[in-house]
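Here it is, the structure, as structure tokens.
By letter and in written order, the chains are A, B, C and D; residue numbering begins at 1 in each of them.
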Amino acid sequence: MVEVGDRIIGYSTDTGVRNKGASGGLVTAVLAAALEKGLVEEVVVLKHISEYEAVPIITSDVNEVLASAGSMHTVPVNLAKYAVGKNVAMPGKACDIRGVIEQAKRNEVDIDNAYLIGLNCGGTMYPVQTQEMLINMYEIDPEDVTGENIEKGNLIFRTRSGEEKGISIDELEEAGYGRRESCRYCDVKIPVNADLACGNWGVIGELSGNATFCEVMNEKGVRLLENAIEAGFIEIQPASDKAIAIREKVNNVMLSMSEKWSEKIFTEIPDGERTRYYMEQFADCIDCGACKEVCPACTCGEDSKCTMYHNLEDNYRMSMFHMVRLMHLSDSCIGCGQCTDVCPADIPVTTIFRRFAEKSQKKYNYKAGMTLERPPFLEVMPR
Amino acid sequence: MDEPRIGVFICECGVNIGGVVDCQKVADYAGTLPDVVRSSVNKYTCSDSGQSEIKQAIKDNKLNRVLVAACTPKTHEPIFRACVEEAGLNPYLFEFVNIREHCSWIHMQEKEEATEKACELVRMGVSRSSKLEPLQSNEVPVTDTALVIGAGVAGMQSALDIADMGYKVYLVEKNPSIGGKMAQLDKTFPTNDCSICILGPKMVEVARNKNIELMTYSEVEEVDGYVGNFKVKVKHKARYVDVDTCTGCGLCVQKCPVEVPNTEFNEGIGTRKAIYVPFPQAVPLRAVVDRSVCIDCGACSRACSSNSVIMEQEDSFSELDVGVIVVTAGFDVYDPEPTHDFGYGLYDNVITGMELERLINASGPTMGKVVRPSDVKPPKKVGFIQCVGSRDKKRNRYCSSFCCMYALKDAQLIREKYPDSEVYIMYMDMRTPFRNYEEFYDRARDMGIRFIRGKPGKVTEVENGDLKVRVEDTLTNDIIDLDLDLLVLSVGAVSGESTERIRQILKVSRAADGFMMEAHPKLKPVDTTLDGIFIGGVTQGPKDIPYSVSQGSACAARASRYLAQGKAITEGITVDVNDDICVACGICVPMCPFQALSLEDGKLNIIKALCKGCGTCAVACPTGALQQNHFKNDQLLAQVKNVFTFGEE
Amino acid sequence: MTENKQWEPKIVAFCCNWCSYGGADTAGMGRFQQPASLRIIRVMCSGRIDPLHVFNAFLEGADAVLVTGCHLGDCHYVNGNYKTQVRYDFMEDMVLELGLEPERLHLSWISASEGEKFANFVREVTEQVRKLGPSPLKPEGVN
Amino acid sequence: MKEMIYQTICPGCGVGCGLFIRENDEGKLSIDHMKSSPVNLGKLCRFGMKLPHYYAKANNAVNMTDGSAVDAETAIKAAVEILKDADTDSVALLSVGNTSNEEQMAFTKLAETLGTVVQTGIQKMCMPEPGTLAEIEKAKKIVLFVDPYVQYPLIVRRLLAAKKNGAHIISVGTNPLNLADETLDLKPEQYGELELDSESLIIADVHPNSDAGILKSVKSLAKGTGAGIQFMKPFMNSNGAALLANKDGNMMGLAELMEDIELGNIRTLVTLDSDPVELMPDAEAAIEALKNLDKLIVIGSVNGPAAEMADVVIATDPVYSKAGTFLNVEDSLQENSGTGKAGVDALSLLNAGIGGKTFTHDEMNYLVMKTIGSRETGTAQCKGSEIELSLVEIPEDMYELRYLYNPFMWSDREDDNDFVLLNRNTVKKLGLKKGGCVNLKGEMGELKMRFRVEAIPDGLVLTAKKLPIAKGVSTAISMEVC
């Protein structure tokens, strides 16, 4: 039977799922089993709209799970806020899972009944930019694309005709395409904060492309897998040492890339210039509140401290809204990048917030969204 | 709420304010501020005429807010709140601005700046005043029983007073007998009457009082709830003796083969058995078994004619519902052992004052014979060192208050018992306030006791356990080498471990000296910041017997106000939650040290009676749904905003 | 304010009712003279001081903000000032990252008896801020 | 649990932001960002973010006759009776572009049967062909006649991108904009100072209250310098409405239309998602004018103030659940995923009732596509004369209250812009107190408002909110401290 800490390779027993779902359909099968066997009542999945768009839906319909979009690199949405059902299973990138954990700390998610299947993620891309990139860099008609994958630092697209074309991420990012900025410096690629950490890194040999590597992180992970095995939905085998080593190696490559980006993006701004820098960054804010609305670490409703005491008539040199949010997020920001994505004035909100959060979280040796530890700002006694 | 109509009253406070601040100018300025309908200057706003002017103005100008700019709210806010309340205004619609301590007195040379600052302070106050909301204090019913923790002399007095007023009292004592430290003392200053002789009858009175339920050898384990509605869990430690049938005859004690030092009552001098009666006058006069040394031989059981020894007994618990709690948990005597103060613990003949009490006591281990430990011979030359463990930056900074007097008493007793002895008291200052204390000091001098003003530097043991003490007499600047047989350290009081445990259970504040903190050093000396919990005796800080007894009575009086009224008025400034905004994230819950907050059915629940109105939860609240009344965010931010003006103003 | 006077900072101090507000009172009673730069806002406990209030003070034009309360262990509300300490550490980090000079935000534990300490504290901070000049967050034309 | 997800566009203005509207099983609406939308990449402005509120408030349109709720059939029947009796010359149809092309087309069909035209509230004017919003990013010099932050927030990022690409941005107006390199308060005769060329772009907007004089000057500025011009529009389908309205009819401005109603020239008014009370700067006057009508028929998804006065209200589907297409300011065609056809169906029955043909949504869609495919381009549209409005004279001792019209004002959106803008001299002169308020006195009354201090020219008071004390784009008012 399965135990915490196990590393396995698995795939769906259903050929249809196995062929349709990414990497052998393990995650889809585990989700379907969780729903079928009553381990959960609902599942959060991405409903496919186009090759470049999907919408999260909460469903108890197995068919919706089977038809779901799987992992799409061009859907940079954070699922955390959709996991508010009482008894839910959710597949997600590390940042999705981090969001759910932050929501759980704020009593929005019952973590004991939320089953979190983590998916390795090297980063996501913007749909519109990606289409532009396909035309300009790959010379592929975006409509022809049927799938994409990141392998060995290359971003590979498959087309209708079955052709594959890959270009190195470095090259793409050099040209201003590629992953979202927050993904570039993200330092959690394998979602070890989830119940299961799944992905295709470490799947080698004949199973390559047809199975999923999965690490069991906790008891909930055990339940998820055992449930799916009992239901006959999946088959698993222990991962070989070589597989484990390869997964680790891929992860390390990704992390060292992140570190490089981090250094590049977070160059120190000298003491005398920071105030002006931040004032200028926020000057174009139109007070739409979208950054707060999408923030997976925030559980406030529409009226909250950041909005209630923020008046446009005050004409401050810096936004009260952002000051309060900077404070509230300095320990809780998970760096998912959603705020930057939705900012209509293209303010690099995430990058600014990370400047504060990186320092705070490092100081308190706390990383938001990884464990259920109470955020340091909310501690009663100083650490 | 109607449109704010603020009346502003600027107080000159004689020349205290008026001598620096141009009060008329401030009043004129206040008149131009939004919502202010009248403003004026008074000579003394707090005087009768000042107060009647406020009341008149409330009527004449239909004021619904009053602002007084005068001295500090810490002393005068209650006065003005009462004043506006008499005129029919909610007291929380009164706003106080401090232009004396915070302005005129600290800017005495800069009159112009002071006036300008006063204007700004008034403007800040006015902006806050506009946003004030009326508040109501809450009423909660009070269970008409009291809990007194600790049955020393203060606790006994308190229990008796409450009981005599007709209320049921649970008196919980951790030791097998009541009596506390006073039962250990020999004589009491300044009358030198026998301690147990005056305490004994009181102890019996406590036992006999029908309204007092005595719980000895018992400890308070948990306290929940709030004023009027405390739930208390008490542990009754197994005594292994049936209290109801034991007669305290002592036959069992005689048969018991185990003998150990008597640390409980005789400060380790002499011995007691594994089964023992605490002391001859103990109440209840019942035996108790020390199972940590008992060898289970069964001798006591066989000796007992009433079959009162029950070795199977286990700790039991009771749950009490009480309305008020009086804490008279007492203190510990300062222990010089760990730091070997003046050779204590190293040299046999250095003893503490408490040890001397037991030695000198006629019913003590030596039957009142003062002997020195090394050779059990009466000492010829006795020295006392004062302020041991007290008034010492490295130990405790405070004065333990009773050591001077007990040293004088013990010195006199030694001189009386052994007229040929020499007695020295080495002191920093002799502190002898209150009736007949100074006379007592005079008597000691008359009796030939020698006083040396100085704290000894070094104590060394010479042969036969004799001691050499070097002390500088700071009055004569002479270095004196005293050869002594016995050295008594006049040790002070410290808040003991068990008192600290009670403090933590009750969540009473701790003062810097480690004792429990009163609500106000002058005006609420036996209240705590927690409604319905009172502190008396040395629990609150070192004091002598009369003062402890007074505090015991004071606690009883303060506590029975609740019992007599049957209701308690709780803090008006509490937190409130706006359910429309609250997302029930629960972040605030662990922030409250008073357990006033909880999440119930996805909603935040506030027990108003537990809330003390500190507002720390409101800061943790990310949504701003939780607001501290009277210090709401918009009230505070209005003040912040009005610190500043457009430069041209 | 008249034109020829030297610029005087505006400092907002949040004081708890029981200790530091009392400390300011004691400073007054002891007639410890201070620069007229300070504006005190009273709260019941320093644990009520919200970063919201502090940031708002800066945005409104404060040249410095003081957070004050009872000495640790002496809180009237058991542990309010420990919470203040936790929050202050965050505020301080934030103010520094925002590029404000460290002299513009202070935390001090002042008991009701420490009037002289209070006065000295005000004098020192005012002196420091005078040297720094107006806060970069101060809105134009406001003082 | 079953959720509905609608792929739709934001009805806030003519930009046409894509988004998803999610409807949970309790009918509660929320938004999802459509990051694949090339118009807005999923980004939304304040209005878009609050769209669920707008729908929650607005989607309560109910079929009514004379103020009482009835079923659709009864309402349509009542409307038919009114239209049958109406005299062709005194009937007017108004649709400013708050609905789909298909409904717009159906409305035009109804107009044809009635022998009249659909008015769009904007007088016929020579409009250049719209460019794409992406072109903003490429311009070398940009002249703004709008405040993008308040009026069209989703072009802010385009402008910032342009700036990053080296564009010089000049704001011609009154409010200093953070993204502008300079702010010039120019009169039309001074526009030459802008020194534009063919790599320059002018951004202005056209709405029912536009100052025709300025519009004309702006156009001639573009023509004279070869600069491009991007007209922003306040309604989600302004372009569709303009395109699908009967081309050769007499197109009036909204003000003219209201004047005709006031004069009794128009006795029956039919509106399609267009509320004159909300659209006119002075709501009271608009209500008074509408009282002169014999009959008022309101068709739409929104129950505005006009619906309250209407003889008949015919309810259509809220925008997000409508089937249909829209043309945004770039003239790019966008499609809703909704299936609601109540609007077209009602118009079809109305048309049939008065002797016309019935039609279906699909037929309308076909006609829309055909029209779009064959539309005339560029200045070929320009015919007829243009009328100039005269500018208001402001007396010496008074202030000019000027509206910063924004599209969201017409969606009856409670905004945080609950203040007026004035400058430091004004503050000083009036002795205003920080955090206090100012008393505005106009010919229609007094109002206490909070204020914000900005570096705007002397004597000016700006508002981005409709104030009941003044009418028109620009009004003389007096002010005092309160």
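Please note the rule applied: contacts are C-beta pairs under 8 Å (C-beta built on N, C-alpha and C of every residue); 3 or more make two chains touch, one makes a residue touch a chain.
The chain lineup, named per UniProt: A = formate dehydrogenase (coenzyme F420); B = CoB--CoM heterodisulfide reductase iron-sulfur subunit A; C = F420-non-reducing hydrogenase iron-sulfur subunit; D = Molybdopterin oxidoreductase Fe4S4 domain-containing protein.
In this text the structure is predicted, and so the values were computed from the model without any measurement.
Centre of all protein Cα atoms: which chain's centre is nearest to it?
Central by C-alpha mean position: chain C.
Would you mind checking which pair of chains has the most C-beta pairs in contact?
Looking at every pair of chains, the most contacts join B-C.
For chain A versus chain B, what separation do you get between their C-alpha means, in angstrom?
Chain centroid spacing, chain A to chain B, equals 56 Å.
When the centre of a chain is set as the mean of its C-alpha atoms, what distance in Å lies between chain C and chain D?
So the centre of chain C lies 50 Å away from the centre of chain D.
In whole angstrom, what separates the CA-based centres of chain A and chain C?
Comparing mean C-alpha positions, chain C is 42 Å from chain A.
Using Cα averages as centroids, what's the distance between chain B and chain D in whole Å?
Each chain reduced to its C-alpha mean, chain B and chain D end up 72 Å apart.
So which bits of chain D are touching at least two other chains?
Correct list: 424, 434, 453.
Quick one: which residues in chain C touch 2 or more of the other chains?
50-52, 56, 60, 79, 83, 87, 141-142
Check each residue of chain A and list the ones that touch at least two other chains.
305, 309, 314-315, 380
Answer with line, ring, star, complete or other to describe the graph linking chains that touch.
complete
Would you pull the chain B residues touching chain C in the complex into a rising list?
On the chain B side, the touching residues are 72-74, 98, 100-103, 105-110, 113-114, 116-117, 120-121, 124, 507, 509-512, 517, 529, 573, 591, 593-594, 612-616, 618-620, 628, 631, 633, 636-637, 639-641, 643-648.
Mind pulling up the chain B residues that touch chain A in the complex?
Residue positions touching the partner: 580-581, 583-587, 590-591, 599, 620-624, 633-634, 637.
Which residues of chain D touch chain A in their complex?
Per the touch definition, chain D meets chain A at residues 1-3, 5, 7, 20, 22, 32-38, 40-46, 48-49, 149, 153-154, 156-157, 160-161, 178-179, 416-419, 450-454.
Which part of chain A faces chain C closely enough to touch in the complex?
The contact residues of chain A facing chain C are 269, 271-279, 305, 309, 314-318, 320, 323-324, 326-327, 330-331, 355-356, 359-360, 363, 376-377, 379-383.
Given the complex with chain D, which residues does chain A contribute to the contact?
Of all residues in chain A, those touching chain D are 42, 47, 49-50, 52-53, 55-60, 74-77, 85, 126-128, 283-284, 286-290, 293-294, 311-315, 341-346.
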